[in-house]
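Next come the structures, one after another.
Consider the two complexes below, in which subunit A is the common component and subunit B and subunit C are the respective partners.
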Partner chain A sequence: MIAVALWSVAALLALAPAGVVLSTRPRGSIILYGGCLIATSTLCVTALSDLLYVPQLTPSATLPIGLPWLGAHFRLDALSAFFLVVINLGGVAASLFALGYGRHEDSPGRVLPFYPAYLAAMNIVVLANDAFSFLVAWEFMSLTSWALVVSHHREAENIRAGYVYLLMASFGTLALLLAFGLLASGAGYDFDAIRASHPSAAVTGMVVILALLGAGSKAGLVPLHAWLPLAHPAAPSHVSGLMSGVMTKVAVYGFVRIVFDLLPEPVWWWSMVVLLVGGPTATLGVLYALMQRDIKRVLAYSTIENIGIIFTGLGLALAFKAEGLDWVAALAFTAAMLHVFNHALFKSLLFFGAGAVLGATGERDMEKLGGLIHRMPKTAFAMLIGCVAISALPPFNGFVSEWLTFQAILLSPQLPSWGLKLVIPAVGGLLALAAAFAAACFVKLYGISFLGRPRSDVAASAHETDRFSLTAMLVLAAFCLIAGILPGLFIDALAPVSKAMVGNIMPHQVGLQWLTIVPIAESRSSYNGLLVFVFAALCGTAAASAIHRLASDRLRRAPAWDCGYPDPNPAIQYSASSFSQPIRRVFGSVIFAAREIGEMPPPSSPRPARLRVELRDLIWDALYAPIAMVVGFATDRINILQFLTIRRYLTLVFVALIVLLLVVAL
Partner chain B sequence: MSSLQFDIAHLLAGSLVLASFMMLYQDRLYALLNVYAVHAGVLALSVAWQAYVQQAPHLYVTALIALVFKAIIIPVALHRIIKRLGIHREIENVIGIGLTMMAGIGLVALSMVVMLRVTPGADALAREDLAFALSVVLLGLLIMVTRRNAVSQVVGFMSLENGLVLAATGAKGMPLVVEISVAFSVLIAFIVIGIFLFRIRERFDSVDMQALDRFRGERR
Partner chain C sequence: MNELRDILSQGAQMSLVLGLAPLLTGFVRKVKARLLRRRGPPLLQPYRDLIRLMRKDVVLADNASWLFRVIPYLIFSGTWVAASLVPTFGNGLLFSWTADLIAIIALLGSARFFQALAGMDVGTAFGGIGSSREVMIASLAEPAMLITVFSVAMIAGSTQLANVAEFMGSDAVGLRVSLGMAFVALTIMALAENARIPVDNPATHLELTMVHEAMVLEYSGRHLALIDLSSQLKLLLYVSLIACVFLPWGMATADASVARLVFGALLYLGKLTLLGFLLAVFETSIAKMRVFRIPEFLGAALMLALLATLVRFVSGSL
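Here is the complex of A and B:
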């Protein structure tokens, strides 16, 4: 099992140098993405079979690379297998999409070599079973994804995104390095040894905080999210899909591996920290998303929201496990893992759709799109499913995982701790608010980009995207539907993961009547996705056929109703900014210090009046800007050292040596 | 090991430190080079004695390398460089001989304290050897720091390297490969520095490092 997985990863690594050669060939990208497709499908199938038929003995392997006295340890337990499935499902879809999309790449030499290396790095992170391999792979993942972020380096914005990303990635790795350093001080770097050790309460507390910082900065938890909406949209679209849909999940994996697996039994305050970060992340992320006009930035901010939901689920699992209610912990943990899977599906789908739109129109600004449903009907269909799924509407998959999270929240009165009893409903309120905003956000994204009339010439002359991209999107859309109407299968598949991490599992779902899922007890709550789907499909068909039968089915083209002003100019339509204006008025003045400035021209001037909206990122102003200022000040002071004479440098070295020797001697 | 063997090893290593001290106060370049040649010769003797004591024939090769390259070829080459640069009459104003010597004595004391403290387990010969070697290294650095002329800085660097070789031969079982690679790296460093000397000279008509600093627009 693990041999197959490792060979596939090796194949991906071997494809990376081949990418340099292939990028100069006319059909090189097809060969490369085809190779990635085969390798990731092999990995996906291997991991899936491991997850479904859990072997008696956890497969593991040690390779003689890395630290000489340690070697590189790999292990494929249920958690690794689940995340391998997520990564490689995303990898398969992205490679399939890129078979078509990647042909239009301007500079394939900047994308092709890094793409397979990036996929391989994510796989190694999940497979690693010692801290050294884990950190090396983690950093390799950061570096390769950075290279992909700056692949379109001619745009100054992308360079800045790459710079901020690199800084935050280094910070995250530093935090993880310290966390593993604390854990390894008593045991060594092997995860098996760390599991067997008994660190003190102070050490475990620090490790939890450091893991939250390290993994959270990669996943995009507020306030460590600043890089994410810059970096994710800057990469080519299939890579954006991987970064948002998959790499943030690798970060979640890192957190789960450290906090649920490597550390001993949790303490209640860990969950408090995670919940207090997760809930606001969800709400703030989606509020940011609502204010954006750039499709890919909306999607990147929405990733922050979903990471908030996942971390809330993990926080709930920690809370219930710490208080001994491990059957509820299993529910919350399964909900979080299911959301990991679901978000990987629909976020990849949405980024691919955004990529298809970008390829067809060259435009990411929603205010310049519109009416694409007529020009790109299949893309529009797939995007619609993605939007419905991410808005957590039944019968699609997003609903199931968020509903399960709320089921766990509703069980919070059973907790003995008063602090958690008060905080968890508040976090639940934040999640509910976030879910509503997400729906608004995706109504805006879909409505403004795909409906209405085209707002620019490029939108008017758009054309449907290629077969491969469409296949990738439609396969993901089908998965969204399947996971929505048959959630029982997926919940049962997650049982070994939940068993290993929180020590209990949710009740078995397969075999219940009518494919219903019952998280706790039938008397309490149940959900049947199939029934909702059949009902919605029947009602929809009935209504459509009734309208077409009873009324005329002849197609008529008529001018759109423009509130009584028959103006042919499409700019008069509802715009993205006007859609989000009410929410901006309510929340924006506090959270974004939003100001609306109306500029009226003097009476004699023919200039049009303008309405400008200024938004500020207060987290950036309050947290990042002061840090940047302090660092800048310090470097200015130290900069003197760069212009010393040779003899002074020699003297500095000499004095440093003497001081160190004195330290040894005294 | 007999006490005579130990004493002779001690004597040779001590002479190396003494030669380093002599280099500290030489203010003429030719004199500095001559002392350096003596320094390298003492090193060769010391290594040869170690070879005899440890019954390690490959160390004789090291001694030969030290003698041929360091005691003969490099000083002769530097002599020629000085002649071609026409700086053999230059007198370097070493910063206060008394002060430099005091600093050197302090460094030797420091290296003794450090080495005797961190190597209580090693055998006596290796310990003494390491302590002397560290003194030679530190004195070499001190020469580099106190000199202004590029040639004398090179000589300081070479004497520092001699200290490293002394340390390497003092430890038993050091493979020949390591020594040869060290010797070659020094040779290459020598060539590179030599080329740079001429480049600096071509551009500034001087190998005084102050000229470089002036060129970069800096004050002393």
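Here is the complex of A and C:
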């Protein structure tokens, strides 16, 4: 099994240099993306079979590369298998989408070589079984994705995005490096050795915080999220989908691997930290998303929200596990993992849709779109499913994982710790807020870009996207529905992961009457997406046929009514900023220090009246700006050292040597 | 035999809510009119309106999409399924385990999502204003609703409505502060969700303060009839929900005799009359709020719901 996986990864790595050659050929992108499609499908099937038919002996392999005394260890346990499925499902979809979308790339030489390398890097991270390979792969993943972020390097915005991304990625890797350093001090770099070691409470506490910082900065936890909405939209759309849908999940994997697997039994305060970060991340992420007008940026901010939901689930799992309620921990953990899977599906779908819109109109700004449902009907249909699914509405998949998280929250009275008892319902409130905001956010995204009348000529002359892209989107949309109406299959598939990480599993779901899911007991709660879907479909069709047959089925077209004052100018429609104005006014005045400045010219002046909306990112102002200022100040001072004479340099070297010798001597 | 009875009971429930919903709206309108010393339309007027609308042609705006035509059916089916899962006169619904309270709220959320999209489809200013305000109200009302559900579910130990109703009807529940708070929060939510005064005015048109009516402005004929019927169903759903959670007495159990079922049905009608009357009295005695006062009103509900959840721990430990 693991041999197949490693060979596929090697094939991806081999495709990277081939990409340099292929990028100059006319049909090169098709060959490259086709190759990636085959490699990722192989990996996906391998991992899936490993997850469904768990082998007796966890497959592992050691290759003679990397550190000479260590080698590179790889292992394919249930957790790795699950994340491999997520990564490669995203990879398959992105490669399929890129078969069509990638043909329009202006500078293929900047995308094609890095794309397979990036996919390979993500796969190696989850396969690695020693800290050295893990960190190297992690950094390789950061660098290849950075190269993809700056592939459209002529836009100044993308260069800045790449710069911020690189800084934050280095920070994250540093945190992880320290975390592994602490863990390895007693045991060595091999994960198996770390698992067997018994670090002290102080060390484990520090490792948890460092892992949260390192993985959290990659996943986009508030306040380490600042780079994410800059970098994810800057990349080509299929890569954006991978970064948001898949790479953030690799970060979640890193956190789970360290905290649930490598460390010993959790302590209750770990969960407190995770919950206090996760809940606000969910709410703030989606509030930011609501304020945006760039489609891809909305999607990037919404990724932050979903990461918040996932981390809340993980925090709950830690809390219940620490208190010995591992059957609830299994529920919370499964909910988090299911959300990992679901988010990978619908976020990839939505980014592909945004890519299709970008390809058809050249616009990412919602204020210039509108009415695309008439010109891109199939894309619009797939996007609609993505929007409903991500808004956590039944009968789609987003609802199931949030519902399971809520069920875990409702069990918080069982916890003995008072702090957690009070914090968990509050976090539940934040998640509820986030869910409602998400619905508002995606009504806005869909309503402004796909419905209404076109707000610009490019939107009015848009055309449907190609067949490959459509297939990728429709397949993902179908998965969203299937995972929504048959969640029991997916919950059961997650059982080995939950067994390995929290030591217990949710009750077996498949085989229950009518494929209902029952997380704890039937007297407590149950949900049947299939029946809800079938019922609603039956009611809807019954109502339609009854009315059409018995009452009337006639239809006339006429100009819009609009209370008698229809205006043909499309500018009269609500825009993205006006749509979010009520929410901006209610929540934004504190959270974003939002201000509306209206300039009304005097009656005789020919100047137009203007309305400016100012939003500030208070986290950026309070956290990043001061750090940047201090660093800037310090570098300015140190810069003097660059212009010394050779004599002074020699003196400096001499002094440094003396000091070092003194330190060693003492 | 038992299964047949269960299916009949579920079918009766589904047709009951569908049949009663316009009557409840007609009753509230009648009481409101009487309180204002008007004679008011007859009780059966909503039925006549629906039939009249269904027979008329649909006049569709020129640039309305296929989504615009499908949405009324989506809203209707979502609301109907949700409404038929709330126990009314009897507790032993065949499909009550299909969706718990959280799922019922989310189903209504789906209906609202599509409704807000419909408001934006034609591309008129009124539709946009309605959708934009609707999502603002929903973004506060929905979490408040969910947290209310949390507090009730934590007390009853279940989110399954049948079990909640059973627990609330038993002696185990006692008098609890958090239940009182949850009740007030739920009432405020019900007013907001159903576009009643003081949040929205169900009787208005051509007014910049309208929310729900602005979203459905472009609908006509059978589409409008379905949307009206869905709103009426939603009102009935919330009234039944309050009745089921806070006034669960007399509800027939799963294995009840026919006499008990009839008694439960009569009692249910009585509860509807009482709550509908209270709604009418409340609506006539209060003025509509400005749009930006609504967040404060709903924020109060949100805080009450959260307090109810937290107080539950305090009271639970006493």
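FYI, the second predicted complex is superposed on the first by the 643 of 666 C-alpha atoms of A that agree within 3 Å, B and C clash if a C-alpha of one lies under 4 Å from a C-alpha of the other, contacts with A are read in each partner's own complex, and residues count from 1 in each chain.
Methods note: contacts are C-beta pairs under 8 Å (C-beta built on N, C-alpha and C of every residue); 3 or more make two chains touch, one makes a residue touch a chain.
Every value quoted in this text rests on a predicted model; they were computed, and no experiment measured them.
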First (subunit B), second (subunit C), both or neither touched by A:552: second
Which superposed partner A:646 touches (first subunit B, second subunit C, both, neither): first
Which of subunit B and subunit C A:661 touches, first, second, both or neither: first
Partner chain(s) touched by A:373 [first = subunit B, second = subunit C, both, neither]: second
First (subunit B), second (subunit C), both or neither touched by A:628: neither
Chain touching more of subunit A, residue-wise (subunit B, subunit C): C
Doubly contacted residues of subunit A, that is, touched by subunit B and again by subunit C: none
Residues of subunit A defined as touching subunit B within the complex: 643, 645-647, 650-651, 653-654, 657-658, 661-662, 664-665
Of all residues in subunit B, those that touch subunit A in their complex: 107, 110-111, 113-114, 117-118, 138, 141-142, 144-145, 148, 153, 209, 212-213, 216, 218, 220
Touch list for subunit A against partner subunit C, complex: 370-371, 373-374, 377, 380, 384, 388, 391-394, 399, 403, 406-407, 409-410, 413, 418, 421-422, 425-426, 428-429, 432-433, 435-437, 439-440, 442-444, 446-448, 451-453, 516, 522-528, 531-532, 535-541, 543-544, 547, 551-552, 554-563, 566-567, 570, 572-574, 578-583, 585-586
Subunit A-facing residues of subunit C, complex: 51, 54-63, 65-67, 73-74, 76-78, 80-81, 95, 97-100, 102-103, 106-107, 109-110, 112-113, 116-117, 119-129, 131-133, 135-136, 138-143, 146-147, 150, 153-154, 157-160, 163, 205-206, 217-218, 220-222, 225-226, 291-292, 295, 302, 306, 309-310, 312-313, 316
